[in-house]
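Shared between the two complexes below is chain A, which pairs with chain B and chain C, respectively.
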Partner chain A sequence: MRKRSIATNDPHIQALARIVGERAILYRKEDLMAYDCDGFTVHRHLPKAVVFPTSTEQVAAVVRYCHEHDLPFLARGAGTGLSGGAIPLNGEVVISLTRMKRLLHVDLENRRAVVEPGFVNLKLTNSVAHRGYYYAPDPSSQYCCTIGGNVAENAGGAHCLKYGVTTNHILGLEVVLPNGEVIEIGGNGVPDPPGYDLLGLLTGSEGTLGIVTKITVRLLKNPEAKQTVLAYFDEVEDASQTVSDIISAGIVPAALEMMDQTAIEAVEAAAFPVGHPKDIAALLLIEVDGISAGIDEQIDDILAICRRHHVREVKVAQSEEERARWWANRKTGFGAMGAISPDYLVQDGVIPRSRLPEVLREIANISRKYGLRIANIFHAGDGNLHPLVLFDASKPGETERALAAGSECLKACAAVGGSITGEHGVGIEKKEEMRFIFTDEEILAQTAIRDVFNPKNLLNAGKLFPTPGRCVETKMPSTVK
Partner chain B sequence: MLSLTWIEELQEFLHPEQIKRNDSFHPLGNDGAVTVYPQAEEEIAAVLRYADQSGKKVFIAGRGTKRGFGGQREQADILLSLEHYAGIVEHAAADMTVTVKAGTVFGDLQRALAPYRQKVALDPFWPDEATIGGVIAANDSGPKRLGYGSARDSVIGLRIVYPNGTVIRSGGKVVKNVAGYDMNKLFIGAMGTLGVLSEITLKLRPLAKYESVVLLSFPSGDVHDIRSFAVSFLDTMMEPVCFELFNPTLAERLTGRPVYTLAIGFEDVENAVHYQEQWVERLRPKAAEMAVLAGEEAAAFWRTFNTVAPNGRLAQAENGIEAAVKIGVVNLDVLSILRESVLIADRCHVRIEAHGGLGHGLCQAYVHGSEEGVLAAMEELRQAAVRLGGYAIVKHLPFSLRQRIDVWGGKPSYFFLLEGIKRKIDPNKTINDQRFIGGI
Partner chain C sequence: MMSTMTNERADSPACATASLGNYRFGDLPDPSKWADCVHCGMCLESCPTYEQTGEEQHSPRGRVHLMKSVGEGKLELTPDLLDPIFTCLDCRACTTACPADVDVGGLIEQVRGQLRQAVPLAGWKALVSDVFLKGIFPHPSRLDWLGRLLKLYQKSGLQTLARKTGMLRMMPDHLAEMEAILPSVGTPVRRKYKHQPLIKAKGETKRTVAILTGCVMDVMFSDINEATIRVLTHNGNDVVIVPNQTCCGALHVHAGDRETGRKLAKQNIEAFQDVDYIIVNAAGCGCMLKEYPELFRNDPEWHEKAERFAAKVEDVSKFLHDTGFKPPKAELNVRLTYHDACHLAHGQGIRKEPRALIESIPGVEMVAMPNADRCCGSAGIYNLTHPEMAQAVLESKMQNVPQDVELISMGNPGCMLQMALGVMKHGRNQKIVHTVQLLDWAYQKEEGKDVRI
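Our next item is the complex of A and B:
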């Protein structure tokens, strides 16, 4: 930030500057532009100001000020969220946690670490790797997203199939409530703190219940051995069936990822090509890990299942270098779409794993119906689809068509008993789609909980829940069929 | 016999044989003037709606193994038993998920899944008597929590009957889901104070191909030896599903030898299990003695283990009082708690059988002795836990003594949030009133 004194008469800006310091606030339009959206770029809105607190006390003071003066506000990590959770829809004061990025404590004997919310996900693993430990949740954005943002979104990643998502790794939180009060839950990481499971409730609440200022996480020991398999298929159907059969054979791979032909075209045209054949219909990237004495047996089983489903070619990574290349190719998959399309929209539906073939067929139909290409690159093992709708925002009407196609993909997921989001969150993007899976009463049951924490609804308002319809009563009706 | 005319009104939505009047009250409390046995979700909803609208109090029970866990009222108007609300609703074997009614006995569920080589990854106490609903509502877990996780890691969806009779679904049937708030979490471990769990959807894990448990006993009694072994073993890449320490009193019951004993469990393919056993062998201190129970022997060991905790369904202890305390501390502090359990037993002239997981930080202590001795021992256990930054809650105690000790050990600083949640969902305090922390 530039060195200069506050050049505005806005008393709120001046007051906030007194809390965080003049060098830790942005309020000029040209400075605010960078904060008008996050990874979901379809909606934009300028914040009132952006503040960069460096301590819990500063966060609490800013929040208290906003609370007292009825200023809307929200928290922001790295801004990589894909559903619009950090977009200041109401001209919020954005509280950026990027300067609270210290690793506060590592306790390997008890397998835990304490971080500030702005600490970047991958840095945690890097900080303990020399002792053979890691932090399990690994969103593809892990090189830049913050652990605070991960908590808010309950982020997942490729290796969550075996090791669980963020919520399974959070042991304690310090939280600034929307009125500025600071609470600590789970303190030093003692399991099952008595009372309702607020850790579980706050994780995944998309920054609408409080601002997380300190996080105690679980660390894991590296697995003794790891093997990675790449399998190429001529039919999507065969790849899907392979996924189902691996799961139902009782194998729990560390990761089980799938890409279809369009996705492969993109990753091969982008920064980390690995030479996948362009004419295959789908590939699977499968990783198993654990005790080395047990791995070969699992690999043999996986290879046999692949062959049973007419795999064209299947290979096991021969070196750590080869494995790393396969993963870099996969993990940069979303961005790779830029190589074949001006714009893309990521969707995030989840389905029961056995329904993969039919839902992928349905997504192909949706693609034809809207005349937009849809690439699929996703966490097949837990049924978490990422249809990427490719479009060109400069063509009139195409953005709307892309949004409609995305929404229809979610409808297809909901129709087979699935969910509209597995890891990216509802945010602004999927608010209305909440109705695909929840009744009005169920949505009201959730907003009732929000009101306990955030009664003035100043914190990140207008996210997560659909705008109440005319037919929705304001109090809870008594039955649901 | 009490004359309770309102009981007739229950017959508007229940058959007479689903309604049972109670003449005497259970010494563990949490009883009802009348017990009702709904067999369908609509009946559960009807009972709650009736109670909520007519100012009646309802207690919720599975089969009563946890009757002595919390609760400051001896009886409510209605005891809602889910005993007859049991069975699997849907087992999607290919998706590795199951939906089950809350009154299903945990062991019955596991036995139904076993032919598919699948299981619910939880090891609660008294699996052949406890219902899945009770296990989830009380957030019960055993030594294998280290490898399995706890209820919050397995539950993916719930149907909950709210106190006003509304049915609310949380989560769903898929293994990964962040749509809306993670409402499942609110009801897990809520001791039935927010709603009646009706149906529970769980993700499943494959049954292990092979299992063993290594019993490593430390005759020296020196916890430093145990600590240094634990630290070095837990720093390897081995993957024990449990790493549970028994105090000498409990070890004597389970193994016949009154010395600190570690139970280290492995579940994997046979090769991998033996390989890990060899690591234990390699790292163990010279003085420690090692025995391996494999396959069915290991399973039998855990079956016995699972019945060491007091059980609210059994007759009360004849000589003296029986209590159970759950203690949470940071992982390795379990060692201090177990050591304290030995000292406290001496000081308070009670018998304490205790165990705790060095990889997860939860301990259970079963205290047996005179009223005064048991109360004093529980208080001391709590002090020891609090000194270490942890907590102790009383999981089993006769009703009369629950008046004399704070079962939940005080309120957290954010208690107003817990109270606020309760008030939103159950403003009339219709269900399980005063069963939970701070009297909610």
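Our next item is the complex of A and C:
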């Protein structure tokens, strides 16, 4: 808020300041340091500058300037991403969209809303809840992550099992292309427009194809009824088998989450404990929703399946307050790791549900092999694992061991026919692991698409795809000091 | 890339005296505080300054990252660090939001201590700080004297003159506005009860409690101190006013003057050593008193004394609630809302108790304030040091204050002044009251006294 005048001779900084205004640019080291990483803290690099545009025109003007002067640049929302997608590896000009945070339009008749990219995910639901609507994608960081960032990463969340991930809820985008041109895709309400599915291509492109400046999203009507179950198990196998049986019984829960013992230790030591027993091996958090008729029967079926698999204790939330406490405990789970470990790395593998017990056993082996604790908090219902590798970056060699352990977890997922990311994106973190699931030719085909949009590769370079011709081992990018 | 690995960890015995990265003054920051932060970002939306600027060096996570970077030797204690570190309101909302309970406020205070030594205040700011923080607040007699002057200004017609002649327009806007909402000064309870060491409980004495009279509280809001005494005695408490007590030191600690903070803390610890309960009616002061042990991390003897002291401190609302206060019988018939002072809700975790007190009063209709625990921008003397940001934060706050209430209740004098400013600027007519005043009025009415709210 202080008065700022531009105290640098750098002509680029001065030019950018002329576009966005002197109070909308950061360039001093003491300020930039806050932007040297995002939710993935292993790699760090200072940006050249951070600009805070307030309109599409300003974004386009900044992008045009960077394009003309060959300055690398990238977009950033709340910076809660877990794969390093917003880290300025090449000393980028960071285009922060946090001041473009307006809810532009709500159209309940057509069940949609238009937001600016910096609008926070949960605020959308909060803005329409009193009218009986909500925005379905609910990443655990929804208290603070932005919808622009959600589009870039195609974010998922606990309730994506039933309702789909971000891409299933995006109806239109306004995009600034890497040369500064502004285009609009979709948004006119036609459900399946002819031609290529550009919305699908842009959503989840991890900020490498363009910068989203306006987003039309789908709103859903609140379900008539909702029930939430918490189940404690003495054996991980039993919990895994319960997950498998619930799905094969034809029940589609809104959410089906698992936490293991180490994860429970963390959330109970942190700010939102609910009193889970610490000696259980795993817990399941199961939510069903929909029309009232039949909900109770679904719950009965779920309870019966839990009991069949030797559940120690199982309970149904008795109030909205109790349900909210269970979810706050679950959704702050990653941050809670701070209570039991100085650093953590979270992985994001996807596996066929039927292979859950086997992969969890393999992760336990990896944990022993590297001498690092691994907690598991994950979307069991859709087989989306989140092994959290706990380490201490101040101990020599531990970061490297953590990275190797994480990579090996992904290898285990790929080995059973799964994938290396479900919702967190590839970013910097998993780009080499792309080779676990794609051949060189498949990767080249994708970078060819990127080159159509981003021919100079100035926008968020060095992310998403492995550098061609490099060997498989994890390594630090050359720009990282 | 990774943190440089040259620094001592929290458990290293050397860190008590040695430097820690680029922190090189005594009373080093506690690295275990930043070690808990995994940079998840769950704090971002809780932060009033991030809400205003959208800049991460103005966010809890960003500030922790910068403070850690100094500890890792990647940043220096330079003047350019003042903005990120001192723009923090120290409202502690981030600590409530944080999944890992990172004590951002405590860390900010420690780092301000370092930064203030590396980059001392200069010019008029140094002068103002010296006069007020060192010259006046720590000295009850000088505060009393200032209060008398202020009373003279208000009662002699000087105030009217100053306002009419436009003299006030010579002051910066935010100071002129502050002048406009100054409450009228009464008689400090310290002076009033100077020769009466103990104020007897009404009826049977259940316990004896001491009250912190506070510095500004006793000068500006002596009526609230009076109300506090009446409410405590009404509930079976003998009240003592310990003579040697002084300012709690919160303003000094917030400003990075931890040395003066420690001096004041020692004086209070000694002054209150013979009492069992220390009751506080100012959230900021209560929070500071409870955190005295933080000031003596490197001094085992005083640390232990501070721990014993802190265990006796309680906010008046929680104390009344937990000791079974008498629900008032008389009706107040008023519609009001409640604002959570940051240092009550986030600093001390006291949220339901004051609400329970208010809701126990017959005829009171409580209207919920959305985001009631959002900072109002007062933050000690922040509204004087950072008027522009304080004003922006107040603006956001006022958007959430319900229109159709007569009173806004809270438990902190700084908030009371700031909210009065908000009400004035928005042309509203709500009256600002302290939670104990409501109880006091209800009790007085119960005793047949004529109470005008």
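Heads up, the rule we're going with is that the second predicted complex is superposed on the first by the 466 of 481 C-alpha atoms of A that agree within 3 Å, B and C clash if a C-alpha of one lies under 4 Å from a C-alpha of the other, contacts with A are read in each partner's own complex, and residues count from 1 in each chain.
Here is the rule we go by: a residue touches a chain if its C-beta (ideal position, glycine included) is under 8 Å from a C-beta of that chain, and two chains touch if they have at least 3 such contacts.
These figures come from a predicted structure and were not determined experimentally.
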Which superposed partner A:90 touches (first chain B, second chain C, both, neither): neither
Partner chain(s) touched by A:261 [first = chain B, second = chain C, both, neither]: neither
Which of chain B and chain C A:99 touches, first, second, both or neither: second
Chain touching more of chain A, residue-wise (chain B, chain C): B
Touched partner set for A:200, first chain B, second chain C, both or neither: first
Touched partner set for A:272, first chain B, second chain C, both or neither: second
Contact residues common to both interfaces of chain A (with chain B and with chain C): 476, 480
Residue ranges of chain B touching chain A (in the complex, touch as defined): 45, 49, 92-97, 117-118, 139, 149-150, 152-153, 162, 164-170, 172-186, 188-190, 194, 205-207, 231, 234-239, 268-269, 271-272, 274-276, 326, 328-332, 359-362, 389-391, 393, 408-409, 412-415, 417-418, 420-421, 424-425, 436-437
Chain C-facing residues of chain A, complex: 1-2, 26, 28-31, 33-39, 41-44, 50, 52, 78-80, 96, 98-99, 101, 118, 120, 141, 143-145, 270-272, 332-339, 342-344, 393-396, 399, 476, 480-481
Chain B partner contacts - residues on chain A that touch it in the complex: 107-112, 132, 153-154, 156, 160, 164-165, 167-168, 183-185, 187-201, 203-205, 221-224, 244, 247-248, 250-252, 290-294, 297, 350-354, 379, 382-384, 417-426, 430, 434, 437-439, 441-443, 445-446, 448-453, 464-465, 476-480
Contact set on chain C toward chain A in their complex: 1-3, 5, 7, 9, 35-45, 49, 52-57, 59, 61-63, 65-66, 69, 74-75, 78, 80-81, 83-84, 87, 96-102, 386, 388-389, 392
